[in-house]
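Supplied in structure tokens, the structure appears directly below.
Letters A, B, C and D mark the chains as written, and numbering starts fresh at 1 in each.
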Amino acid sequence: MERAFGFDEVAIVPGRETVDPDEVDISGNLAGIKLQIPFLASAMDGVVDPKFAILLGKLGGLAVLNLEGIYTRYENYEEILNEIIASRPEEVTPLLQKIYKEPIKEKLVKKVIEEIKKENVICAVSSTPQKAEELGKIAVESGCDLFFLQITVLTGKHHSKKKTLDLKKFTKNMKIPVIMGNCVTYEVALDLMELGASGILVGIGPGAACTTRGVLGIGVPQVTATLSCSKARDEFFKRRKKYIPIITDGGMTCGADICKAFASGADFVMFGNAFAKAKESPGKGYHWGMALPHPYLPRGTRIHVGISGSLEEILYGPAKTDDGTQNLIGALKLALSYCGARNIKEFHKKAKLIIAPGIKTEGKIYQKAQKVGMGK
Amino acid sequence: MERAFGFDEVAIVPGRETVDPDEVDISGNLAGIKLQIPFLASAMDGVVDPKFAILLGKLGGLAVLNLEGIYTRYENYEEILNEIIASRPEEVTPLLQKIYKEPIKEKLVKKVIEEIKKENVICAVSSTPQKAEELGKIAVESGCDLFFLQITVLTGKHHSKKKTLDLKKFTKNMKIPVIMGNCVTYEVALDLMELGASGILVGIGPGAACTTRGVLGIGVPQVTATLSCSKARDEFFKRRKKYIPIITDGGMTCGADICKAFASGADFVMFGNAFAKAKESPGKGYHWGMALPHPYLPRGTRIHVGISGSLEEILYGPAKTDDGTQNLIGALKLALSYCGARNIKEFHKKAKLIIAPGIKTEGKIYQKAQKVGMGK
Amino acid sequence: MERAFGFDEVAIVPGRETVDPDEVDISGNLAGIKLQIPFLASAMDGVVDPKFAILLGKLGGLAVLNLEGIYTRYENYEEILNEIIASRPEEVTPLLQKIYKEPIKEKLVKKVIEEIKKENVICAVSSTPQKAEELGKIAVESGCDLFFLQITVLTGKHHSKKKTLDLKKFTKNMKIPVIMGNCVTYEVALDLMELGASGILVGIGPGAACTTRGVLGIGVPQVTATLSCSKARDEFFKRRKKYIPIITDGGMTCGADICKAFASGADFVMFGNAFAKAKESPGKGYHWGMALPHPYLPRGTRIHVGISGSLEEILYGPAKTDDGTQNLIGALKLALSYCGARNIKEFHKKAKLIIAPGIKTEGKIYQKAQKVGMGK
Amino acid sequence: MERAFGFDEVAIVPGRETVDPDEVDISGNLAGIKLQIPFLASAMDGVVDPKFAILLGKLGGLAVLNLEGIYTRYENYEEILNEIIASRPEEVTPLLQKIYKEPIKEKLVKKVIEEIKKENVICAVSSTPQKAEELGKIAVESGCDLFFLQITVLTGKHHSKKKTLDLKKFTKNMKIPVIMGNCVTYEVALDLMELGASGILVGIGPGAACTTRGVLGIGVPQVTATLSCSKARDEFFKRRKKYIPIITDGGMTCGADICKAFASGADFVMFGNAFAKAKESPGKGYHWGMALPHPYLPRGTRIHVGISGSLEEILYGPAKTDDGTQNLIGALKLALSYCGARNIKEFHKKAKLIIAPGIKTEGKIYQKAQKVGMGK
């Protein structure tokens, strides 16, 4: 049995040289589209609505809108959001199950995409394979820029007597780039690249503890998963001369985790929780997992994360808290600068990870840290 | 010293291909008897009474009735159960010690077996080696299908000046298959197979913490124990062309643990706790260990686990909780499907385990998981 | 750096054969003296007074009386004990510091030894090297059987401008066997044997957390320490044909730890805490460390452990609790029987340890265990 | 990936011989200056003011005064201190940010240095590279003895379009020795020595959890960092015949950690927290990190550590607590004596570390330790 590592178990060794953080460039290229900041917001209804997508786009990042969420099921989605937020804990699960039974409307799919595009920001949407052909067609027609084909576990080959999506044909026919996931191994990442993926989402059962790992026992911690899929990216580049970026998705709880994802080989990171704390997020401090309406194993519930500041503060600071959840861009730039890296690709080469377990209880570690000395 | 692993320390790597969970078959063959679901209920008085055995049998699983428990000592066992449940914490231990002093009655042994058989379900009973000849004879005569010869630590050779059970002779004389255990090593599993076991119970001191490990320091974590005994099964199959199934018994607290037991090589799993939470279990939310009347080291007490739902919900869902204790069949099928396995034997071949420690505090991990991202 | 292991990190693998626990013999030979049970009570004032020494001796074990404690400083030691027990927490440390300043009286040393010998039990006393010549002489004259020369860290060579004890000369001149310690390494154990030790006390900074480890960072976990010193014993036996027993001292909190100490090679174990809970111990549920009057680094305070039962119950059961602190003899016999060992020396050969970390929170693990399944 | 170790994960093996602690010499030579005790107080405003620097100097240690702190910004710094101490938690961060905006005054820099020198103690001051030329000049002119060039991450080469400090030129021109840091790797330590450092500060993201590690993911646990930088010191000594001492800075919470730092190769240790608890420290039980006014990632807040005793008690005891935070000198001497080392350099050679993880919750471990046995 091989040993796999999560964020909490590793640390980044500072480099032999340093770079002025003002001269660090963290921008990235996702399927031909330049993003000023390499952060993607997860396609979760409590995190990304059209307004949030516009705002994050203007700030340099990219939000992915879930085409199977409430925004394409309800014209009056704000009412629905309020209903979810206002419901008592014991009512949430049945309420959400009921809400997600409402059919998706083509008209609303078009509307939300056009709403985003009107503001001249990149528009990215997500769909599961089941709905991909139907929703992909509408997305392209409506002017969408990027299509995220996303499911808990995606592989290059799904065996079923039912009609299933032909990934190769789908990516060939789609007029816009298709980002695919999630996966965690070298083999699957390589398979998906060969099938036409323009980006790979990495993360199944991320972190030490998560629903997929808790309920199914399935998962690979994110440092190991990102390292594996990065190797597939580099191998694919050698074979086909195409650089397919790796997007580490989920399991990050603070700036340190984000920096470690990039040190492990990520080109981009995707997260929901940190964005859910922004005062502009639609959930108003609440969010809920998309595994809830899972056909086989419905699970998850509404989570209260609270509001910690504006999206701009979360991204660009100044941090009002010292728990690593604000000024994420400042943190990433400083991490690069401490490793002597001028950009993410240099960081991939220069950042050296060591195994250095730390007991991390959200918030607590910082307190303990500050008791120790200079806050170094 | 070799490193041994428990459920909390490993994870299952998703496969290169996936299978439609609707096309996954989790049935198994236990000593010639086909079980639709590979779950056995432990021979504990708070979990299995004749009615529960009938119900689980009809739902596709198998409950083992303890022939040395209250059901064969008392005609009016419901009164006894009520007395146990109603007693105050400080009264439980002496009360249970008194209750289990009542002699076992042949008439009642016959009665409970016939009660189960009358409903046309598989009838399985358990006994310790001390009582096996006496109880085995009655069990066979009463129409029982499977005999579980079970004690904390069973080996192929027990040294004693007292008369002890000759395992080889016993299995040869018994007209029904004898499942034996518990053991945890390759050598003992192989010895028991050579002595005629039709199935092997695996689990001594399961999990990171348990009475046997806490009081005696003896035990092997279940992933390592199951891997070792599976190798014995495969070796025995090579030698004798007989496939003796491995039943991982104990130490599983949620769906993830069950999936990991199968990934480690288990053909079946046996547990008590998850079944004790069924509203149809005789303990009505309470159960108690069979180590309590142990001749050398009486230990254990009554545990309150509460009732979480019907047996059907626990097995087939839909899950009303997200802690991995409901819809256990859905979880197992999905785990197989994510590894591209159509059945348990394919899962044995395809499931790859990695070492990936997780801090697991019952219930807590799911909350943390959902704070992280998409519930992936 | 080598990896060292403590009790919590290992488990004992059950054997290929088992033995009837009724036929297990746990007696041992300590410097020519046969002990029915291989348990020694630590030379702590809250644990061992003359009456306790007599009682434990009659029950088959051996208590070591501290010749530098209150029993040799005060005629009216019961009053002193009461004063310690009755004092408020903030008063304890200064009170104890004052109490241990009273000079040791030769008359009282004789008196306590004679009191024990009068009851026809083995009498063992302890002293630090500083007082050894003076107290050793009186002890021998008073009829004492065994002399424990004990200090936190003892080596074969102590460099000092002051006059120091010549261990070789001391053991040669003493008419009774001298047990020496504490040590934790192969080299030092061997050195002490060459200097005439009749037994070796093993334990410096035992367990994951202890004062010596917390304050000084010095210590070796007990499994590794016991394994190392046992190798020295075996090597010494090969060289000199003398079998010098190993006494694992400290760091054991329950039956499992005791069993693991023997599995690691211990011939005897010594502990204070479990005995302090006996209703016959002089501290009446309290005890306090002998490091308190340490010349360089006075430390420690009074600890309240409570009274859990009689000494007989702690040793022979039946256990009224399930936390592994009662029926320690039953636990040890059962552990041997599960490994197919008829006595401690066979256990040394047959017991196989594996690395199997367990999170152990006193008392808690048993509860968790019992929730899991059959109490196996 | 290599495994790195922190203080909590290792222990010191006691030696084959012991030395009388009265004959242990812990003095050290820092850039030609003899210090009776090898402890440095961190350049934090809540810890070191001129009075504290004088007191620690007279007691044999060395305090470093931060030339960019309040003492060089405000004439009336006592008022400012009182304002910080008296402010409510939610006011602290903005208040501190405001306070540290006040310009540094040359007059005050001179004044504080002269105040210390007047008392005939060694005067050490610190500055970041940005201010080093300006402040270094004044420091030398004012009679300062040692200059600490300190920043979170210092390397031999900083890339920036802005004017940056030329380390080689700076050390050459400075008339007093320059201690540099912080760093954690062999390469950087060696680079800094080649650039003229007279001492190396070791510690980035020390301990399992700290702000730099929590926010940026960057850091190396202190045992590994100290071992690495010590090797650089030894290599540099071989090359250039100059012995550049290693100062382990941060991450130590008790005597055990300090002893382990020396066992890992440290010549000196630097800490703030333990000194902040002295009744003579300016923060009166409070302290705050110097990362707070960080240009890129301001972080940290005011911490309340309380007052545990006088500086003399913290250093020389007697300890009134048993948590390893008092009598630090007694602890270090005893650790050396238990390893048979007469001084720090012998300790480097004789102290052997083992990997022996311990769960350390401040204060708690001692309680647990004392419950176990003799306080050994």
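Just so we're on the same page, a contact is a pair of C-beta atoms (placed from the backbone, for glycine too) under 8 Å apart; a residue touches a chain by one contact, two chains touch by 3 or more.
Just so it is clear, the structure is predicted and the values come from calculations on it, not from any experiment.
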Set of chains adjacent to subunit B and to subunit C: none
Copy pair subunit A, subunit B: interface residue numbering same or different (half cut): different
Distance from the mean Cα position of subunit C to that of subunit A, given in whole angstrom: 56
Distance from subunit D to subunit A - Cα centre to Cα centre, in angstrom: 40
Two or more partner chains touched - positions in subunit C: none
Contact graph of the chains (line, ring, star, complete, other): ring
In the complex with subunit D, residue positions of subunit C that touch it: 1-4, 6, 42-44, 93, 152-162, 182-185, 187-188, 191, 203-221, 224, 249-253, 271-273, 289-292, 296-301, 303, 305
Interface residues, subunit B side, partner subunit A - complex: 5, 7, 10-23, 254-260, 263, 317-320, 322-324, 327, 330-331, 333-335, 337-340, 342, 353-360, 364-376
